[in-house]
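Next come two complexes built around chain A: one with chain B, the other with chain C.
This part shows the complex of A and B:
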C-alpha cells in the first residue's frame, strides 16, 4: 500500500531498503562501479514437460532415439581400454598390508592438548580414543607406523607401541627417554583393539592374539626394529648402537621415576594391558569373568 | 569593548594576580607544617547491594562474548515478573538468525516420519488383461496386446505411486543442534522468551493460568518447558487449556518452538539446554554411538 504510492524517486529509495538511503545510486566515488544489470536472456520455452519440443535430445539419430552404443565404444576402432595392455599394478592389492602413518608431530600435538596421556603406556586403543588416528581393519589396515615428520620438535617421554617404526622415529623417541615397541596384531585382534567397547558388548571371551605370519617374523624378531619377539638384551644393545649412530646420549631409563610404566610390555598373546585372553568383560555389571576349566586355561595360556 | 576589557582584567587578576607581572624570581614554597598524628578518616562504604543475577552460566563464556541477560519471574502471582536477572549463554541464545537452518530442520521434522502408503496397480496387477483382445492384423482397429495396458480405460497406471514410500533422512547432528540454538535465539530476540524460577502455582485452575498469560501479554500460544518433573498444579491447569502446552526439555524441537508464539523456560531447563547444546561444540566424532560408554575430550589447556 505505502510502497505503491509516492513519487518514483521515493519508490526507488524505499525499494533499496532502509540502509541504502545514504548510498548514491551510482556507487561511492573511488569504488569500482557495479555493472548495470543486463537484459535477462529470454527463457527458452517449447512448452511441455522436460523442456518441451525435442527435450534436449537433439535431432534424429541414435541420440534422440536412445540407441547410443556402450560407454567406451569408439565407432569400431579398438577402444582405449582394450588397446592398452594389462599390467598388474593393483594385483593382490587386497592382500597387501597397510599401516596408517602417525607422525611424531601429530603425537606431540595430541600430548600437548592432553588427549593422549604420556604417563600411561600409549597403545592403539589410546590413540583411537583420542581420535589421533583412524584405523580401518576391514580395509587391510594392520595398524600404525611411526613416521619421522616432527622428529626435531618431539620432546615427550612415552612408552609407545606401534606396528612399524622407521629408524629415525625410534631414535627421536629414545633420545627423549622413551620406549618404542613394534608388535603384530592380526585383523581380528586389531578390530578388538580399536573398538573395545563394541567387542565387550558382544559378551565373547577375549581371544588370543595370533603370532605374525612367516614374512613378518623376521621383522618382529629384529632388535633394530624393537620387535616384540626380539631378545631384550639385544634390544638394549641396539638402543646403544642407535644412539651412537645418531649422536645423542641415551638416557638411562632404569633411574627414571616412571621406569615401571616405561618397561610395561604386553605378552605376545595379550591384546589389552591388564586383561588376559579368555576373560569376559561385563560392562553392565562392571565385572570380569575368568575361565576355570582346565582345558580352557591350557588353551588360553599356550 | 571597554567593559569587556574590564571584565577580562578582573578575571585575569582573580586567576593569577599582579604577582605574575613581577620579574623577581618566585619565592620558594613554604615548608609544610608538621602534621598532628591523626588516623585518616576512611570514606563511608555503602552497604553491599545483593546482586540481581539469580543464575549465571555454568559453561564458561569465552571473551569477547559476554552473557545475555533476561528477567526472571514466577507463576505464583500474575504480577510477579521481576524477581531477578539470569545470565544466558550467547552461543545458545545469541547465535545469528539462520532462517535457512530453521526451514531445513522444520522440514526435516515434518518429513522424516512420513511414510506414504499410496499405491496403485500397474498393468501387471490389474485383474485380467492376459489375452490379446483381437488379432494383430486385418481387424481395422489399432493393434493391442492387453486390455489392461495404461492406454486402456480400466487399465493399470504406468508411473503411479508404488508405496509404501519412506521419506526418511537424517540431518547431521550439528545442524539439528544449530536449529535449536537459532530458534531459542530468535525467541529471545523477539521478546517471546520468558524465564521463571520454577513452575509452582498457587492453584491448578486453568482460568488462573489463562488470566496470568493474558495479563503478561504472552500471546495466543505458550510453550512451557521444564527439565524435571512438572508440579501437579500446572499439569492440572494446562491439561484444561488448548493454547498452553507443557513439554520436558528433552522434547524441545524447532517445530514446537515455531508453532507456539511464546516460550516459557525454567532456570533448570536453561541449564539443561545450555549444557546439552554446547557439548556438541567440543566433542569427539562418534566412533561408537554416544549411547555406549565413551570418554569426552579433555578441556583445552589454558594459556599460561
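This part shows the complex of A and C:
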C-alpha cells in the first residue's frame, strides 16, 4: 500500500474513482454523508522526524543489533527465577474450583439500569443475558459468588441464586426482604445454564443436574450458607439468627405480594425454571418435546 | 395436608410453616418437576414435634431489642484515602444502661461498675466499632461486644467448696511427702557409695 501511494493528495485523488469530478465534494444532497478517508499514518522514515534516524534502537551494541539475551538473564548471575526455590503455590491450580465474584454493588447497578429484572427470580442465566457477569466453564469456573462490596448501599428485594455467598452478603439481601440460595452446577450444566440458546440449537434433551461432589455436600446442606439441599425449616431459623446477629428486623416475606416469586426454587436436578430434564426445546418451531417412555421418565426423575 | 402438620409444630416464626409448605403444595399441584432429590423427599414433613427442639438445646443468645438502642454511623478514622473520607462505616451504639430492662438488674449494676469508662454523664453505655469496611459488620461487632459485656457481667466467680479445697491441700501435701521420701532414698544410696577411711 505504501508503494502505490505517493504524496497525500495524489492518493486521495486516485481513491475518488472515475467520474468523481461530476459529483459534489460533500456527496449528493439527501444521501447519508460518506466518511472522509483518513490519511494512513506515515511510515517511520529518517530524515529529522520523530521515530526516525536510529528508530528508537539506541547506539551500537546488542540493543541496536537486536541480539539481546533472553528475558530474565542477569549477565551470568543466577537469575531470580532460578534462585528462588520451587514451592507448590500453584500446584493443582487447574483442578481448583473458581467462582466469579459478583458484588452487591454490581447487582444494584444492574438492577438500577434495568438490565436485570428484580421481579423475576435472578439466575445465572439472567445475569449472563444481562452481561452482568461472564462465566467461563472451561476455565474451571463453577459459577458465581456473592461478595459483600456494596452491602451498605444495597436496597433491592430479589430472589437470587448463586453458587457461593458470604455471610454479610446474605444478611444484606435478607435485610431488604430478599431470598438467597446457593446451589451447585456441574460444568456441563453450567455451560448449558450460561448459554441456553446454543444448547437448544443442538437438539439434545436437557440433562439432569448432577449432585455436588463429596467435599461440597457439607457446604450445600448447611442452612447457614442457604444451601439448596439444606432443611428449609433450619434455613428459616438461620435467617432469624442472622437477623439477630446483624441487628435488623427480618421482614416477613410471607406477607409480601411477591411471596410466590420469592419462594420460587429450582429442584436439585433442574437446570432451568419451568423446564424439566429430558425435554427437548425446539426454538425454530417453538415446541417442547417431552419423553413418554417409562424408562426415560424414571431416569429423568431419579 | 402437609401444611397443617407443619403449622402444628409451633415454630417461633409463623410464616415459616407457610414457607416450608410451599414445596409440598407445589408437589401436590403437580405443575412442578420433582426429582427423587427434591426437598420434600429429602426432608419429609414430620408428624411429631421432635424436630423443632434442636434450637432450644443450645443456650439462647441474648436478644437485643434494636428499638431500644440508638445507632449512629459516622466516618471512620485511619488511612484509606477518598473512601475512608466519604463512607460512613463507623457504627456507634448507645443505650441508657439503668433503664435497659432486657438486662437483669444485678447484671446491669455489675456492668455499670465494670465499664464505667464507657458510660457518659447521661448514663448511656456507648459501644463503637470501626474495625470493618462495612457498616453492617461494624454494627454486628458492636452488638457482639454488648453480648460479651453482658456475659462477662453474668459469670460468677468460681466457688471452691470446702471438700474440694481440702482435697487440693491433701494432694499438695502428699506430693511433698512423696518427694521427700524419694529424696531420702536417693540420699541413702549416695551415702552408701561413700568410702569412709576413718
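The rule is simple: the second predicted complex is superposed on the first by the 218 of 302 C-alpha atoms of A that agree within 3 Å, B and C clash if a C-alpha of one lies under 4 Å from a C-alpha of the other, contacts with A are read in each partner's own complex, and residues count from 1 in each chain.
Heads up, the rule we're going with is that a residue touches a chain if its C-beta (ideal position, glycine included) is under 8 Å from a C-beta of that chain, and two chains touch if they have at least 3 such contacts.
Please read these numbers as outputs of a predicted model, since none were measured by experiment.
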Superposed partners chain B and chain C on chain A - clash or fit: fit
More chain A residues in contact [chain B versus chain C]: C
Contacts of A:74 with chain B and chain C, given as first, second, both or neither: neither
Touched partner set for A:195, first chain B, second chain C, both or neither: first
Which of chain B and chain C A:249 touches, first, second, both or neither: second
Partner chain(s) touched by A:267 [first = chain B, second = chain C, both, neither]: second
Touched partner set for A:129, first chain B, second chain C, both or neither: first
Distance in angstrom between the closest Cα atoms of chain C and chain B, superposition on A: 25
Contacts on chain A seen with chain B and repeated with chain C across the two complexes: none
Chain C residues touching chain A - in the complex, by the definition given at the top: 11-13, 15-16, 18-20, 22-23, 32-39, 42-43, 51-52, 55, 61, 63-64, 66, 69, 71, 87, 89, 134-137, 139-140, 142-144
Contact footprint of chain A on chain B as seen in their complex: 284-285, 287-288, 292-295, 297-301
Chain C-touching residues of chain A, taken from the complex the two chains share: 148, 151-152, 168, 171-172, 175, 208, 211, 229, 231-233, 236-237, 240, 244-249, 252-255, 263, 265, 267-270, 276-277, 300-302
Contact set on chain A toward chain B in their complex: 112-115, 128-131, 195, 197-198, 201, 283
